[in-house]
Amino acid sequence: MTANSAKALVLPLAVLVAFEAWARATYLQSDSLAPPSEIVMALFGAFADFSILTATRDTLFAAFAGLAIGTVIGLALGIAFGISDTLNRLMEVTVEAIRPIPSIALLPIALIALGFGYRMEIVIVAFACVWPVLILSRAAVRSIEPRLMEVARALRLPPAQRVWKIIIPAALPRIFVAFRLSAGIALIVAVTVEIAINPLGLGAGIMLAQQALRPDLMLAYLVWIGAIGYALNVLLIVAQNRLFGRAAMSGGGQ
Amino acid sequence: MASAAKRLEAVPATTTAQIAFDGVTLVLGGKTIIENLSLGVRPGEFLCIVGASGCGKTTALRLAAGLYQPTGGRVNFDGQPMREPRREIAIVFQDYGKALLPWRTAAGNVSLALEAGGMPSAERPARIEELLRTVGLPGHTGKYPSEMSGGMQQRLQIARCLAQEPKTLLMDEPFGALDAMTRQGLQDEVLSLVAASGATVIFVTHDLDEAIYLGDRVIGLLPHPGRIGIELQVNLPRPRDQLSTREHPEFLRLRRQLFDFIKATEQ
Amino acid sequence: MNRAAILWRVASFAVAAGFIALWQLIANLKLVSPVFLPGPDRAWASLVRGFSSGDLWSKLAGTLEHMAYGWLAASIAGIAIGAIIGSSRTMRTYVAPSLEFLRPLPVSAIIPVAIAMLGLTQAMALFVISFGAIWPIMLATIHGFAAVEPRLYEVARSLQMSRLAVISKIALPSASPDILAGMRLSLTVALILSVVCEILAGLDGLGHWVLLSARAFRSADLFAGVILLGVTGYVTSVAMSVAEHKLLAWQAAQR
């Protein structure tokens, strides 16, 4: 373990130890806090009865489904707007008018249209993911080396092939960065929808724990949600470096 | 050939020196950059330091500025050991773009030095205008550094340094990044500024002609570790002139000596 | 803007108007039940009604208040904490990794903890909004302070500037582009969390308005609220951008 990664752990470990000691010393009885040891126990318990695993599966399912839909739509629009400047300019006002609407504001609409459950959550996640993918893939397409576009035209490739064989591969590193950003957003929005109103997934789990006055379980869910978010981020960064290496660096590999 | 480096004893550090290096050694990152350097700069003297890349001339300047502390020996200013930078020692950096505040105008940048010196705000505008005029930037008070050319930015930095009312002016290859014409113009401006203020100057450059043209004395450093290899008194008449001084036989003689020295050190 | 740009703008508005007309058509033909999709005419009528005789003003004010208090608290705390952490290399080595770990965490997950501590109250909302909004600002401040040009610190040492002067005259202005960008991101977070808290805790605001409208199947009011939220997001973002532009005029000079 390098010196720097050892230093990185000093603060969190110190906080955990201090918290544990303080909770034990004061015989903590609280609805909102629990000592780290109890949090870990609650986490194991939630694993043992699969409750947290089911919740994780539900949240990730909704998040990924919404991410997939949002990415496909955002990518299609982003590529189209990137290729055709005319289309982009004509659609500018419409896009800029709809984009600022917070995805969470659509929650009531989705609720009355689709009721509780996966579908409404997927729709909201998809809406949230469309915009970063659209904006960034449009920028990626625009920044493609013009020489490549000339090659495509010189080879007289039909439009579909031009997109598939030249544009997408050339823009892929930056498109992946957009995808990675949206994945984070997808998870956040999914959990938020569940916390606000949807009775499924990790968000519902943490709210139920709070209502049942189980702070240990509630904080266990909190830690687990954080771990999932972190793991997802790390996974995608590793994937990005593996797949694209240096090519993705210009797109901001962080 | 007598091109072998002349190992002269440097002028011993005396109590009348404005800046004195007394057996200074500096070790950075395990490497001895400067070893046992002794040198004294008289008040009002214009000292130029030359040497091949990596000989430690910039390091010596930063020691004089108090930005580095010596590992061994002492750096004295006015007879007192220097433990930290002081306002009476102003340093003009080579990378002028990085040494200016991009969010302040030219006036604002000069003002920074006046503020640090505690000048009341009512008195500042007049002094700022005066300083900018002195360095040849009249009417540029409201411009941002990014709107100015390289030569103008360097002048601005010099103006800010002059605002410190320095007893000593340290200049680290200040004209290295500028074109030849701008460089010559600034050389003459620096000479007249220094003559007017009477400040002591330590001027680091890799341009041998520039060193002889500007200085009263030129010191050449040997690399690895940095130590004095040659010392030349420049007995050329002042004020200097870009054409006549550079054609003076003494100028050419000194030039030859320095050139041979540098060539020898590069082998 | 030159003539060509103006023409494109007009054409773009025309396209948007076309979409609205399409929306009206779908509503008129009742292709989607009016319970779910009101026509733009009804949404507009609801907006007008809400402002003239209804209490849409107070709802809007409620959301703006939540946003404002949370965002201001987050800005002050975020810049202060970020400055302390960002200006010291030791602190950065020890603290920054933990912050990197916490960054991808969905901030809404703090809501149940806040409810446990403070109940379904305004205080809970203020805590949640501030907590969520602090991250972009603090992280941006740390980054800005860490990235100050070292040469400027040497200039400060040479001028024997006091520590306070170094922070206020050199570090803060140098970090201001990052800090302002962080503050703009925080506005978006503040809006989202305001809506979520209003929905959850029934606090007075647009979030609560749209939820009630949904429950009562008043689709026109619902859409009016959603549109208003979008407008709020847009206007606050633009206002922030204008402020950024003014304060960072020296950066524009570089272009």
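Labels for the chains are A, B and C, by order of writing; each one numbers its residues from 1.
One rule holds for everything that comes next: a contact is a pair of C-beta atoms (placed from the backbone, for glycine too) under 8 Å apart; a residue touches a chain by one contact, two chains touch by 3 or more.
All values derive from a computational prediction rather than experimental measurement.
Trainee: Considering A-C alongside B-C, which chain pair is linked by more C-beta pairs in contact?
Mentor: Result of the comparison of B-C and A-C: A-C.
Trainee: Quick check on this structure: which chain has its C-alpha centroid closest to the centroid of all protein C-alpha atoms?
Mentor: Central chain is C.
Trainee: Distance-wise, how many Å sit between the C-alpha centres of subunit A and subunit B, to the nearest whole number?
Mentor: That pair's centroid distance is 55 Å.
Trainee: Round to the nearest whole Å and give the separation of the Cα centres of subunit B and subunit C.
Mentor: Averaging C-alpha atoms per chain gives centres 51 Å apart.
Trainee: Measuring from the mean C-alpha position of subunit A to the mean C-alpha position of subunit C, what distance in angstrom results?
Mentor: The mean C-alpha positions of subunit A and subunit C differ by 19 Å.
Trainee: Which subunit B residues sit where two or more other chains touch them?
Mentor: none
Trainee: For the complex, give me every residue of subunit B touching subunit C.
Mentor: 65-67, 84-87, 89-91, 93, 95, 98-99, 101-104, 112-113, 115-117, 144, 146-147, 164
Trainee: Spell out the part of subunit C that touches subunit A in their complex, as residue ranges.
Mentor: It is residues 8-9, 11-13, 15-16, 19, 35-36, 93-98, 101-102, 104-113, 115-117, 188, 191-192, 195-196, 199-200, 206-207, 210-211, 213-214, 217, 219, 222-223, 225-227, 229-231, 233-234, 237 of subunit C that touch subunit A.
Trainee: Flag every residue of subunit C that touches subunit B in the complex, lowest number first.
Mentor: Against subunit B, the touching part of subunit C is residues 149, 151-152, 154-155, 157-161, 165, 169-170, 173-174, 176, 250-251, 253-254.
Trainee: Write out the stretch or stretches of subunit A touching subunit C in their complex.
Mentor: Going through subunit A, the ones touching subunit C are 4-5, 7-12, 31-32, 89-94, 96-98, 100-109, 111-113, 184, 187-188, 191-192, 195-197, 203, 206-207, 209-210, 213, 215, 218-219, 221-222, 225-226, 229-230, 232-233.
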